[in-house]
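Each of the next two complexes has chain A plus one other chain: chain B in the first, chain C in the second.
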Partner chain A sequence: MFDYNFHWRPVLKSLPDLLEASLVTLQVAVLSMIIGIVIGLFLSVLKLKARGPLKWFATCWIELARNTPALFQLFFFGFGLGALGIHLTPFFIVLAGLSFNNAGYLAENFRGGFNAIPETQLKAARSLGMTLWHAYTRILVPQVLRIVYYPMTNQFVWAVLMSSLGMLVGFRELSGETQFFASKTYRIFEYFAAAAIIYYIMVKLILFISKLLATRLFRY
Partner chain B sequence: MENQISFFSSFGLNDVFFMAEAAYRTLLISVVSISIGTVIGGIFGWMLFEGRISATILLGPILDVFRSVPLIIQLVLFYNFAPIIGFDLDAFESGLVILTLYTAALVANVVRGGIASVGEPMRRAARSLGMNYWQDLRYVVFPIGVRAIFPSWVGVALGVLKDSALVSVLGYVELLRASQILMTRTQEPLLIIAVAGAFYFALSYPISRFSASFERKWSQ
Partner chain C sequence: MIQIDNLQKYFGQLHVLRGIDLQVKKGEVLSVIGASGSGKSTLLYCINGLEQIQGGTITVDGVEVHDKGTDLNKLRQSMGMVFQQWNSFPHLTAIENVALAPKIVKKKSKSEAIEIAKKQLVHVGLEEKLNVYPSELSGGQQQRLAIARALAMDPQYMLFDEATSALDPELVGEVLETMRLLAEEGMTMICVTHEMGFARDVSDRVAFFNDGVIEEIDTAENIFENPKSELTQKFLSKVR
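Moving on to the complex of A and B:
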């Protein structure tokens, strides 16, 4: 039954490459998160306040992002845009797909956050002479970001996990690199086990750091 | 050049049926794994809530792994691990096993929260009315808990429905794989990816709307 010989040496030898690739994973996840937060804020404000085509646009984006698989979204930015003559590099395919997805999910979280802030705060800020832009960026958004801090860390973890789909569009982040080495050496199980461990450690580290940050950020 | 041979044929009605069949396979693998996974997850969730140290030390971290390693890595890992320990599973079966465990891990967390949401006074009241532990669980905790966790359970189920797209990596011809096959043949990626997206949207959107309206009705 157990006639399989495990070979861990090639994995150990390419461990530096895998760790380097996991930095690429983190990089694309962080970038997509930043873009996602900015777009998500706009989408949630549009969905709450706008009328007509703008509200329709925000609703479409949010529902599409939430009701189709992330892999489908990546394929859209890969093959779909390719058909229109827009050829993105694998990095930008993953970045665009993740940002689209993050923006949709975060917009729903932000909407809850905006609803939790009393309407009077905006009015007070406006009557103090702040412009609408200032009222949002200095008064409302900082509070919303606090309220949705934990959902946001969850979404960041999801972004790290979702970036593994980059493997299917030829992006060399942790999963892509793993698959590259696995198909070079035929040590599929060993390589993917190593990748799983690295992902697990990464996720735990992120959660730990976010907890540390939370104790610093929410002292008051 | 009358008898010119084309290697590509255009997208026809047959292909829509092909994709509908693939959508059925997506639905099949997700419905089976969600139903089994929910039952197992319910039991795990109860164990996490009731089990003192054993469950939190043993079960918790194991379920945690399924939530902190990308599904695609889990699938490839298990697909290559099963033959090592002597199980010859095809793509559907290994996909089913992993999706079921993944669902169970997510549902367990939701269920634990659901049981915890039924307050201690309520349960003491049930016990002092003469109900035994199981009656308390069946007639008090279950009806209240189900209402509390229903929206997040639907969220998990929709997530699994969308994540079932990843089983395509193992070669199971579900919706996304089918659209990839058609893309290769017809060379019309944008149209096909749009059709695939429409299928996913049609599966997922009604359920999420239904759950949202249910939630609104129950919260009144």
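Moving on to the complex of A and C:
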């Protein structure tokens, strides 16, 4: 058959470290989603409503985020900014890269969400004397978030998985940590198999929790 | 008082309102009738500043609506608007729908806003639907909810934009009943409507719109019994 002997003991020994690193993964993914949602909402509104430079700014962001490899986006915040003398820590490189990417993708989802809401909702809100800000934050955005809830969940899963690119800029999230132990012990297959399982469980948990949350949040 | 002088409104090349002069006094109920596309709804949108105008003036209680210095958000609080598509906010319960604007626009406390909302929902006969989402309400109930929501801002005027024309026939009655109630309470109302019975029974005056101008405006009785304009006669003979 094949002459590879599995050695799982080192993996088991460093399991606590891997789990700790997976929390780092979750942390950066969650933060990048929060930032991505906020920026994405602004981008989608700019693309829908603004004219001139602001619209261009939003369009460029969305185009770049969606049509270039996520890895390159990460490298931009790492090596690109580094070349300009701005040195971010690995955590912030990954956070910035993922947030940039999330914002671009989510902006397009949000745009679809805004378009799905009848225009008269905005008129109704304004007719009650609400400011534009209130009309958006209290009436339109809650409905948009409801409409794009599941695409948003997808993006969150994507952010968790994409954060593994962090290991290429020296970030010790789950993949970085896995790589570290793998090259220390040469049990490359075992470590990455274990990491894959942890990723799988994380994603399944996220999907499960988002489903639970949906039944709590959306009663209408 | 709402005072409109020589109002001009264009949508691009299309001249929608061609010199409207109109006065609505406190406590008056004015019905606006006319064919679809004659500019009736646009007039309402102009009155509360949801649409820009290209000429003339609209003055509400001495405040010029389209003046640059006018605080539209404040002005709109004095004018409730009810739309053809009822536009209840689907993510809020009935009582939240009504309480939201008093809370965030008028800065009422939460309990005050809830009190106001309750009162207005009782007013329109929805006291049993306080915690229900709009998706569980019928069209007629949603429209009454929209009326309660507008009333919660304690407006001086109510603008109705074909409030019943998107409703199933059997639901029209309950909404008209609510509007009738408001009229009896002395609310100043402008009702764009296709309900001739309502226009005739409830309004003090009726304006017949044709192609962007007021073809004829008179008391309800005169318009329906004794219309002077040939166009009014023709229109009424078709809808009766």
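FYI, the second predicted complex is superposed on the first by the 219 of 220 C-alpha atoms of A that agree within 3 Å, B and C clash if a C-alpha of one lies under 4 Å from a C-alpha of the other, contacts with A are read in each partner's own complex, and residues count from 1 in each chain.
The rule we apply is simple: a residue touches a chain if its C-beta (ideal position, glycine included) is under 8 Å from a C-beta of that chain, and two chains touch if they have at least 3 such contacts.
Being a predicted model, the structure only gives us computed values, none of them experimental.
Aligning the shared chain A places chain B and chain C next to each other free of steric conflict. In the superposition on chain A, contact is made by A:157 with chain B only, not with chain C.
Superposing both complexes on chain A places the Cα centres of chain B and chain C at an angle of 110° as seen from the Cα centre of chain A, in steps of 10.
When both complexes are overlaid on chain A, the residue A:138 reaches chain C alone and has no touch with chain B. After overlaying the two complexes on the shared chain, residue contacts for A:95 are found with neither chain B nor chain C. More residues of chain A are touched by B (comparison of chain B with chain C). Once the two complexes are overlaid on the shared chain, A:123 sits against chain C while remaining clear of chain B.
Touch criterion met: A:165 reaches chain B, while chain C stays clear of it. Once the two complexes are overlaid on the shared chain, A:63 sits against chain B while remaining clear of chain C. Shared-chain residue A:195: touches chain B; no touch with chain C. Legend: residue contacts after superposition of the two complexes on their common chain; A:79 is shown touching chain B, with no touch to chain C.
Overlay on chain A (Cα): least separation between chain B and chain C is 26 Å. Chain A makes touch with chain C in their complex at residues 118, 120-121, 123-131, 134, 138-139, 142-143, 146, 219-220. Interface of chain C with chain A (complex): residues 45, 48, 50, 73-74, 76-77, 79-81, 83, 85, 87, 89-91, 100-101, 104-106, 133-135, 146, 149-150, 153.
On chain A, the positions that touch chain B within their shared complex are 1-2, 4, 63-64, 66-72, 75-76, 79-80, 82-84, 157, 161-162, 164-165, 167-168, 175, 178, 188-189, 192-193, 195-196, 199-200, 203-204.
Against chain A, in their complex, chain B makes its touches with residues 65, 68-74, 76-77, 80-81, 83-86, 158, 162-163, 165-166, 168-169, 176, 179-180, 183, 188-190, 193-194, 196-197, 200-201, 204-205, 208.
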